[in-house]
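Before any comments, here is the structure.
So that you can tell them apart, the chains are marked A, B, C and D in the order they are listed, and the count of residues begins at 1 in each.
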Amino acid sequence: MKLKKFKHYYSTFIITAIAVIFTVFSAGIGLEKSTIYLLEKIIIAVILAVSLNLVVGFLGELSLGHAGFMCVGAYLGGKFSAIMLPNLGNSALNLIASIIVGGLVAALCGAIIGLPALRLKGDYLAIVTLGFGEIVKSIFQNTSRESFGGALGLETPRFDKEQLFIYAFIALIITLLVVTNLMNSKHGRAITSIRDNEIAARATGINVTKYKLYAFIISSFFAGVAGVLYSFSNYNIQSSKFGYNYSIEILVMVVLGGIGSINGSIIAATLITFINTEFATILTGNLAVLQNLLYAIILILIVIFGNSPALESFREKYDVKKLFAKIRKNDPSTINSDEAHWDKIPTKISMDELFSLDVTNNDQNSVLNIQDKEGK
Amino acid sequence: MKKLVKVLCLIMAIAMICSCFAGCGKKGYTANNTKYVIGMSGPLTGPAAIYGLGVQNGATLAIEEINANGGLNGVEFKLEATDDMHDATKVATNYSSLLEKGMQVSLGCVTSAPCAEWTNLSNEDNVFFITPSASNDDVPKYDNGYQMCFADGNQGKAAAEYVSENYAGQTIGVFYKSDDNYSNGIFEQFKENVSKDVKIIETVFTDAGATSFDSQINALKDCKFIFMPIYYTPASIFMTQAKDVIASDAVYYGCDGFDGIDAIEGFDIKKIPQQVSMLSHFNSKATDGKTAKFIKDYTNKYGTDTLNQFAASGYDSVYAIYQAMSAAKVDDVTISASDLSDKLKEQFQGGFKFKDAVTGGGNDVSWDANGYVNKTAIKFIIKEAD
Amino acid sequence: MGNYVLETKNLGITFGGLKAAENVNIKIKKNQIYGLVGPNGAGKTTIFNLLTGVYMPTEGTFLLNGEELKGKSQEAINHKGIARTFQNIRLFNNMSVIRNVLVGLSNLPEYKCNLFESIFRLPKFYKTEKAMRDKAKELLKIFDLYEERNNLSSNLPYGKQRMLEIARALATNPSLLLLDEPAAGMNPNETAELMEKIRLIRDKFDITVLLIEHDMKFVSGLCDEITVLNFGTVLVEGDTKTALNDPEVIKAYIGG
Amino acid sequence: MEIITTIINGLSIGGIYAMIALGYTMVYGIAKMLNFAHGDIIMVGGYTIYVTMNLTGHPLIAIAVAVVFCVILGVTIEKVAYKPLRGASPLAVLITAIGVSYLLQSLAQIVFGSAPKMVRIADMGSLKIGSLKIQVYTLVTLVCTIIVMICLTLFVKLTKTGRAMLATSEDKAATQLMGISVNRIITITFAIGSALAALAGLFYLLKAPSISNTFGSMPGIKAFTAAVIGGIGSIPGAMLGGFLLGIVECISYKIPIIAPYTDAIEFLILIVILLVKPTGILGKRRREKV
């Protein structure tokens, strides 16, 4: 019974254990270079997926600009560490300071874009975040050579390659702790209540704008942290990497892992990164084109299988959660967390837009405007 | 009891995961080599594939020739090529997997942006590389990196000199890609070095807008000389769109990115009325000497699609490594990358002259103290004006 | 003046030419159970929406315990003391029963705990969290939901969902509770039980109730006073029995 | 004079955006989904034109084949990938659309390779009016897009199917009850959207005769932006948004200081417009019933 209290922290424990094992390995017999790169990549992907899940899964808003926040973190954090290099050297202190700076600047961006953008819902918010990501990318691409390297990319001090992954693990564990703690507090409940029913949340006295902003800021903070880690794992960062395609890649991890499920995000991000890297090393030469093809087919099949209303009964029969519940002899209808199956999550892709030919607006808008003002 | 089983399972699972990842690091990867392994990373797929494939083919051709002639003291060479899709983030993985495959010396990366990553990574381990085509000025910034092609800055300077000489007092146009490493690098140096009495009309495009150049063409329509430090695909689109707008006696002048423009499927360069020329170190229409032989052999084996200076440069880079290694009297096939690098550095810093090059007009090639190449540049006219 | 918990003054709203509510004057005394009845489309829910800040009144205003609330946001109005339920149940479907109630509790001043304290699990967090859970359990016991507290709220039977919605509204510690058709879809036994419950919570929590209902038995058995609406205007108001027997009301309901 | 050329250029590129945006808007309005694969239909259209041009050498045949092929493809995608998900979470449909987009791109890469292909459809030359020098294809594009838009508007307004489309977008269930097959309407919408995408591919190739497997993705995103600027779901909105974006793009490329930031400016306009008017210029929103 005692263990139940720590149920939410299982994944954190496991990751800590893995981190310790790897650290011991690396201190002892040493790790392959490629293992270290892979670890760094996976950790960055997991941080990104978990932080995006906060917005998409728990808040229920679609964000397509996560890579934009990462970009801000990567550039600002990387630049900061480059500036501090003469003073702090390539030390852990420099690394930690840059991570904090990068994260904070990304969080600030999250607040700046979030404050006005959160008035918008669903698709509109999605396209605004997408636009934000592209704007950030474009701005960093065209900065001067001295400031952020422009098209040539920003040179960042690559942190001691043997140890970066340890710090990345620590950052990941902190991310997990913060997100888990947040989601299991009254603030987290407020955020999920907005996802489930915004109107009822307002009527229950939840300050919707404030909590949306919280979720947005925390999410972009960790995206920024992931960005700084990314800039430390590379010598040279180029903003063209942070386009909407990358944001979508993160979104795919979140969706496949199960929206609103932190563990799912961790597993999906790990697997996708691992498989992609393996594909890239196995399928070379003429086979390289098969990478994307396989990826696309798997993606489509998983989504259709997991969501088609026609396959509902089939899924019920083979539901993993229920199977587990059977093994544990739990009542499957009892839940202890806010993790829900993702086809039930009402991500607010707003559906009340009309297909219209009318150029003029009708009067109904006036009511709406009142509502909007209220919503502010 | 049940808990215990669970915990045990968990620990086993973790141990299994870790064993997948963890190998025995820090060992000598080259200990089991039976051939000298040359590594490279380049775009073998994707829009820039023509460059990567050119280098790969050229290098393979050179290695086959060397091996057929008995290799280096009887030891053969082997090329390990990895695909980076012109994406710098893939380089670290490629680099480490190459090291684990026993790479002793390398051709670095084919394109500039990924090569920035390679430069730093290879410096960590002291792996010698000579890139056939990554032209960024920073590529030879450490003593283990050399270029077979002209650096961007030098290309920009050469173009600036040419323009200052021939177009003083006139208005010329520049069309470059503002979000591209290569394009920017050349343009910056060009702008810095061009004489002040040449008036420049700058136009740019970006990755996202690389389909329609109407407004840029409109801005450049009165220029008689247009400098285009860009890759050939957008250049071909530009030329097709501009052929009726820009005066037919105008000159398009590009850098090594133009190479291969006449080989694009469906793009008929003869229909472009303007002169298309570029700064190059390889004359793909050469009819005599070593260059002609290379062209013949290459065409027989791979066709003309990728016959460009990248292929020639890849071919030359392998020969340069071979000549330097034989000059340094390397005789241990399991020599570590770092030891080999020290030997090669000694050669390259000690006035090593690379002979029988197919690039650089057949003259000897040498490297200056900064690692930049010294060879003959030619203004190569791809197509005369009508 | 101070006697009234809720007082509306010429409250009204116009939707693009359509007067959904007009000149509504309701006065509710403390601890009253007040009914709002009228045929479909009479503007009852519109009035609820006006009172909870979903819509901004185009005319008139309303006061809660003497304080003007017009123009305040929905959450601010809730903090001032008006809580509501919805005609079509709006629970937080993907959350457990107890969490639904905990959300309602989270804005009360006695459970104040900032984001920082929550994330870093400072002692304050544990203290407030425990207090909130105790309070939530207490509330759930009143509504016979304690046993199902860990169930997904959408898995509850219909009647219990209604109860949970009321429990969640009560959790925000209101002085005025608005119930939108609480008995809709319930069988007679459940309805009777609900009537008891409403009286009970009125006494226990010392609150005032304003409810919309179509079931006239329910209204006459429960409400002290009612207002009958038709086409957005007040038809009759006053004592329940008298008002329901008013010929105008009968005409409005039966038609003709 | 310069400015006139710029505006004509802007209108012609805007016309293409508008045409793609129309596909986005109609599919969104009726099937209530973001069809991320729409841009890749353009790419498929482009490759079809490339292949038929090489086989027959006749532009009109190429166009016809491309339109037919894209319509078949669009309808097939709808039937295979999106139809099983009708009624599922919108996010699921979105991810499937992304999957379809990857699939089309990688298939194109496998079939045609990743090196760009050049395709010359027709040599139209340029026109001289006074001191103005305008390329004929610019005018052709502009005229054609306008004709297509008028036809589409008339189709939706006047035909039975068009009105059924309007009705479906308002209320699917009610439309079904009126005896209209919603599935059929959705299929028709996808067919129209795909045909428009094929035409957009054609006009793109007239302008920039080079095609690769990522040919459609950026125009797709830009057109989506245009659709949102105009108010997604609104046909005139899509046209307005497209033209607006095209003109902004061309003017921005003319000014050297801001030219590198053109994409940023386009997205900034989107954000500003949405903040001023959360549903886009001509979009309308129904109030959520409480």
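Here, contacts are C-beta pairs under 8 Å (C-beta built on N, C-alpha and C of every residue); 3 or more make two chains touch, one makes a residue touch a chain.
Every value quoted in this text rests on a predicted model; they were computed, and no experiment measured them.
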Partner chains shared by chain A and chain B (touch criterion as defined above): D
Top-ranked pair of chains - ranking by C-beta pairs in contact: A-D
Distance between chain centroids, defined by C-alpha means - chain A, chain C (Å): 38
CA centroid of chain B to CA centroid of chain C, Å: 73
Separation of chain B from chain D, taking each centre as the mean of its C-alpha atoms, in whole Å: 37
Cα-centroid distance, chain C relative to chain D, in whole angstrom: 48
Sites on chain B at which at least two other chains make contact: 45, 178-179, 206-208
Two or more partner chains touched - positions in chain A: 134, 138, 141-142, 199, 289, 344-345, 362, 364, 367, 371
Residue numbers of chain D (touch at least two other chains): 109, 114, 260, 263, 290
Contacting residues of chain B [partner chain D, same complex]: 45-47, 49-50, 178-179, 202-216, 218-219, 221, 233, 236-237, 240-241, 244-245, 264-268, 271
List of chain D residues in touch with chain A within their complex: 25-26, 28-30, 32, 34, 81, 84-92, 94-96, 98-103, 105-107, 109-110, 114, 153, 156-157, 165-166, 168-170, 221, 224-225, 228, 231-236, 260-261, 263-264, 267-268, 270-271, 274-275, 278-279, 282-288, 290
Residues of chain B that touch chain A when the two form their complex: 3, 10-11, 14-15, 17-18, 21-26, 44-45, 81-83, 85, 87-90, 92-93, 95-97, 99-100, 113, 116-117, 119-121, 124, 136, 177-181, 183-185, 188, 206-208
Of all residues in chain C, those that touch chain A in their complex: 15-17, 52-56, 73-75, 78-79, 83-84, 86, 90-96, 99-100, 102-107, 111, 113, 115, 118-121, 125, 128-129, 132, 150-152, 155, 168-169, 171-172
Touching residues (chain side chain D, partner chain B) in the complex: 2, 5-6, 9-10, 12-13, 50, 54, 109, 113-120, 123, 125-126, 133, 135, 138, 204, 207-210, 212, 214-215, 218-219, 222, 249-251, 253-254, 256, 259-260, 262-263
